[in-house]
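Listed after this line are the structures, all set down as structure tokens.
The two complexes that follow have chain A in common; it is paired with chain B in the first and with chain C in the second.
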Partner chain A sequence: MKGSLVTIKNVEKSFGGFRALKGVSLEIKKGEFYSLLGPSGCGKTTLLRIIAGFEEPSAGAVLLDGRDMVPIPANRRPVNTIFQTYALFPHLTVFENVAFPLRLKKLPNATVKDKVQQFLELVKLPNEGKKLPAQLSGGQKQRVAIARALINEPSVLLLDEPLSALDAKLRQHMLIELDTIHDKIGITFIYVTHDQQEALSVSDRVAVMNEGEIVQIGTPFEIYESPTSPFVAHFIGETNYIIGAVTRLIDEVRVEIEFPEIGAVVAYRDKPLSVGDSVKMTIRPEKIRISTELPEGLSEKFNVLSGNVDEVIYSGFQSKFFVRMGERTMFRVFKQHVRYFMDEKAINWKDQVYIWWHYNDSFIVEVGET
Partner chain B sequence: MKLDLKNTGNKPTGKFSLGMFTLVICFLYMPLMILIVYSFNESRMMSWSGFSLRWYNSLFFESKNLWRSFGNSALIAVTSATISTIIGTLGAIGLYWYKFRFNKTIKVAAFVPMLIPEIIMGVSLLIFFAGIKLRLSLFTIFLAHTTFNIPFVLMVVMARLEEFDFSIVEAAYDLGAAELQTLTKVILPFAMPGIISGFLIAVTLSLEDFVITFFVSGPGSSTLPLHIFSMIRFGVSPVINALSVVMIAGTVVLAVLSRNVIKYMFQK
Partner chain C sequence: MRKKYGPLYVTPLTVWLAAFFVIPISIIVYYSFLTKRPATGGVIHQFSLEAYTALINPLIFRIALNTFWVACVSTVIMIALAIPTAYYMARSKYKNFFLLLVIIPFLTNFLIRIYAWMAILGNNGILNNALASIGLIDSHIQFLYNVNAVILLTVYTYLPFAILPLYSTIEKFDFSLLEAARDLGATKLTAMLRILFPNIRAGITTAVLFTFIPAFGNYAIPQIIGDAGSYMLGNVIARELTVTRNWPLASSLSVVLTTLTTLGVLLFMRFNRSATEGAAAMAAAAKRRQGMRAAI
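And then the complex of A and B:
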């Protein structure tokens, strides 16, 4: 494909009898911040290691700028990696860690000094050059690893769960910083993570992986708002599923589905369906509104149901409600606390509540057998 | 009763620990003290008859054979420690770096010599040397010492490498280092404290070994422990006391020196 920098074609990898990658194909554009997202063991790290050159694919091709990378060893590929454990050289100072690739090239001292300083400034550590890695905090080690990986000016930077060893606050901060660095130097980032928040917040595109296969590729918006499979819907964020049967195709964009214990609900129709199909419908908890009073003046585009609050989880900026619709059906509803206690009556455990959502927000992720 | 946990670290020693301390001091250092005192004794007997340096005189100027044995010991210690450090270090790196079929088997096999009683090692080496018709000499002692030193170096260096995150090796590759550069610029510097400790252990073990050396030494290739043993057969000579004092002093100086050198090298 034209315009893509990294091309992965039908890459397979087996370890013994275990198939870690089952024919993965990807196109990554120049300058893209591309995430490989999936649960542990889905093959995302293996794929990254194949791109880096630490593993050889059992089959398939890895092209960089049209050049086959498979026969080229890791130390001669124009890609660099940031490791989960940072992998700094413990016996070298911060300066010498960052200078390592330049020293290998035997560049003159003055050039090395200027360049290392420039990259230490990029990662905001201009004065820590003389320290040893053991004297640095986790976030600082991470920055050194970034500077070291970028100083060779690779055409692709590979990041293997780089933030997983940091605490939540710092992670957020480093993520923003990574994004800034990406914008500044403009090279391609391939970012491996199991954290959907991370992937969604900085990526241009995300490839969701599961069991050695890619299940969906898209922008963060597409991945979150229109997952194409129950796996993606479930893995990215929280969601509600219900299984029902199609009773009526209302028009081009709407379908009526009958659910046990709930009744008829209107959902968005983006798949070929026919009456009688068994379908799995998903609706994100934050898209559902909740109140103890029946809302007035709702248009027919909204689905309105009623149930009882089974449990309330208060978590500061929002509350999670588990609303029981019947013996086997429960809805998760998230309510943001815009003006808590001020705009309406508080919702408590065992209250009878109404929940409603726009039909557009509920859609079908799986069509099963009738 | 309230236990003040905060202060237990600085608490003055109790009766039990004081007793233990006294016992350890008595059994560990009293014999050494007695030995040092008697090395300055005028008399050959175990009774004090006045201060004298005659045993030192006799040690330094009238004990040619003893010094020749000492020279042999030093030569063997340094050479066998050097060779076993090289082999042991390379072995440890190889076992750490490459995962191959007999990796585990080799690891286990390498440690067997550490567990085998020395006397069996000695006998088996003797039979082996006899079998290949190798004349017993300093060279056979060197071979034997290198053999039993390798597992110790291997173990110490491997213990150091265990702390090494393999991603560091991958990082070196990733940043453009070739295999040899990774070895010399990353792995060896990291393993250096382990390599130095391994070398020092090997020197010590070689210097003090008696049992194995006894079996594999030939005529005219006596080491210091063998020589001392042969001297004692004709009664404890106070020259040995004097020699012991010299060796204790030497050991203390070396220990302090090596500690400071290592400190200087790695904690700068």
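And then the complex of A and C:
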């Protein structure tokens, strides 16, 4: 592919008998904010360390701007890393930490001073240069790590779960800041995280990994709205699964599926199917509407079911309802509160409710054998 | 209310230090200001500075320099060996096994280990025989009874005291810092020199104190496998005490040696502020041992 800056070709990595990476291929474009997302142990950090030069791939190639990186040692790659624990040098001041790469190049003092100041300003720490890392807060340490990694003007910045040590509020804040810095300097970011929220909110593209393999690559929108496998659907956000059998191919885009305990439901048809196929259908809980009364004039494009509320979890901005349809079937439904208690009758435990959703929002993630 | 018992808890230590540290040192200081009993040796309880003026002697000065030199060379060798060893141990999966290996020599008596070395290095020893049997040498090589043998045995004896404090500091070192340095453009060597070394300074300081002090107060090793060229201050003290029976001189030399070592340690620690309080405490213990050995 033309225009790609980082190319990973069939990279494999084994530690002893354990295969951490089983042939991974990626194309990352110049200037992209690219996330590697997956549960712990999926190989995302190993892949990042291979790009950084801390690990050698057992097989495969890592190209940067068309140049093979594998024989080049970490210190000579135009790539810098932000470590999970920041890895600031405890014996050096903030200024000297950021200046470290420039000192190695033996640049004149005045140049170092100007440049360090410029980068400390970029991360909004213009006055903390004299402090030692131990005197900084977690968020400040993170900023120093960012300044230090950027001062060499790398063509790729690698971020290894950079926000995992911060508390939730600060994480959100730093994420926005990272995004701003990315927009400002325009270099390629490769971001490793297990937090789908982080990956979705800042990435241009996301590669979802599991057990040493890439399971799906796409924009955050694609990953969330059209997962291609049950793993992705389940890992990114919450979802309802239900297994049934195809009974009728209605038209080009619709398929009717019969589910035990529920009956017939219409789903979006985006893959070849035939009558009798056993399928796994998914529907996101926030796409389902819920009420004690069935609204009038619903279009036939909506699936309507009824059940009993098994459990209600109130969490401020929304409530989660577990609606039981039968012995073995339960739906999770999220309801956003717009004007709670004001817009309609409250839904309580054991209430009989109706749930409905547009057929378009339910789709098939897996086709099994008949 | 609980605080009331505080002083009680330190009583055993106070008694111990008074009995085995303060009193012996005081006796040594006292004896150093007494007059030597002529002919039979020992002391007359009469004030004299003779023992101190006798120290201003080119021979003693030369031996002091020699002692300092041997201690310095041994310390440098020990630190140079201990840093890579401790580094490897700290990064190994078999840390505890290696720690055990370092400690094993302590299970055997110090003198027995020296005699074992004599069996290896002697003119008719294992090493000479082995070299001769493979035809590398015609006649034996003189390994023992010179300053090199003293340095070798000093290094062998005190190396664990360098490895252990270094190991405990390196083990706490965050190795991702080395990766960060590499990532930012440092070669492996630069990363070690500019990141690892400054961060394990406390360990290096402790290791230097732990090895230099006993090496400086060395007595048994030069006595058994040294020659006139490796004669050290510890040997002078022992000779004055047991052979010549000039007790005031032995005492004054001990006092000067202990004072100089203490000053040296304080100075060294001043230059290495990062040395922890723990290291300081251990150094004090080492110094005490040395002071006692010199006194015996």
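Everything below uses one rule, namely that the second predicted complex is superposed on the first by the 370 of 370 C-alpha atoms of A that agree within 3 Å, B and C clash if a C-alpha of one lies under 4 Å from a C-alpha of the other, contacts with A are read in each partner's own complex, and residues count from 1 in each chain.
Everything below uses one rule, namely that a residue touches a chain if its C-beta (ideal position, glycine included) is under 8 Å from a C-beta of that chain, and two chains touch if they have at least 3 such contacts.
The model shown is predicted, which means the values in this text are computed figures rather than measured ones.
Participant: If chain A is used to align the two complexes, do chain B and chain C fit next to each other or clash?
Facilitator: Overlaying the two complexes on chain A (C-alpha atoms) leaves chain C and chain B clashing.
Participant: Answer with first, second, both or neither: which of chain B and chain C does A:Lys106 touch in the superposed model?
Facilitator: neither
Participant: Considering only touches as defined above, state whether A:Lys184 meets chain B (first), chain C (second), both or neither.
Facilitator: In the superposed model, A:Lys184 contacts neither chain B nor chain C.
Participant: According to the stated criteria, A:Lys169 is in contact with first (chain B), second (chain C), both, or neither; which is it?
Facilitator: The answer is neither, since A:Lys169 touches no partner chain.
Participant: Mind working out whether A:Arg328 is in touch with chain B, chain C, both or neither, as first, second, both or neither?
Facilitator: neither
Participant: Would you mind listing the overlap between the chain B footprint and the chain C footprint on chain A?
Facilitator: Looking at chain A, the two contact sets intersect at 52-54, 73-76, 79-81, 83, 85, 87-91, 100-101, 104-105, 148-149, 152.
Participant: List the residues on chain A that touch chain C in their complex, please.
Facilitator: Against chain C, the touching part of chain A is residues 52-54, 73-76, 79-81, 83, 85, 87-91, 100-101, 104-105, 148-149, 152.
Participant: If you look only at chain C, which of its residues touch chain A in the complex?
Facilitator: So the residues of chain C in touch with chain A come to 174, 176-177, 179-187, 190, 195, 198-199.
Participant: What residues on chain B touch chain A, complex-wise?
Facilitator: It is residues 165, 167-168, 170-178, 181, 185-186, 189-190, 192 of chain B that touch chain A.
Participant: For the complex, which residues does chain A have touching chain B?
Facilitator: Touch list, chain A to chain B: 52-54, 73-76, 79-81, 83-85, 87-91, 100-101, 104-105, 148-149, 152.
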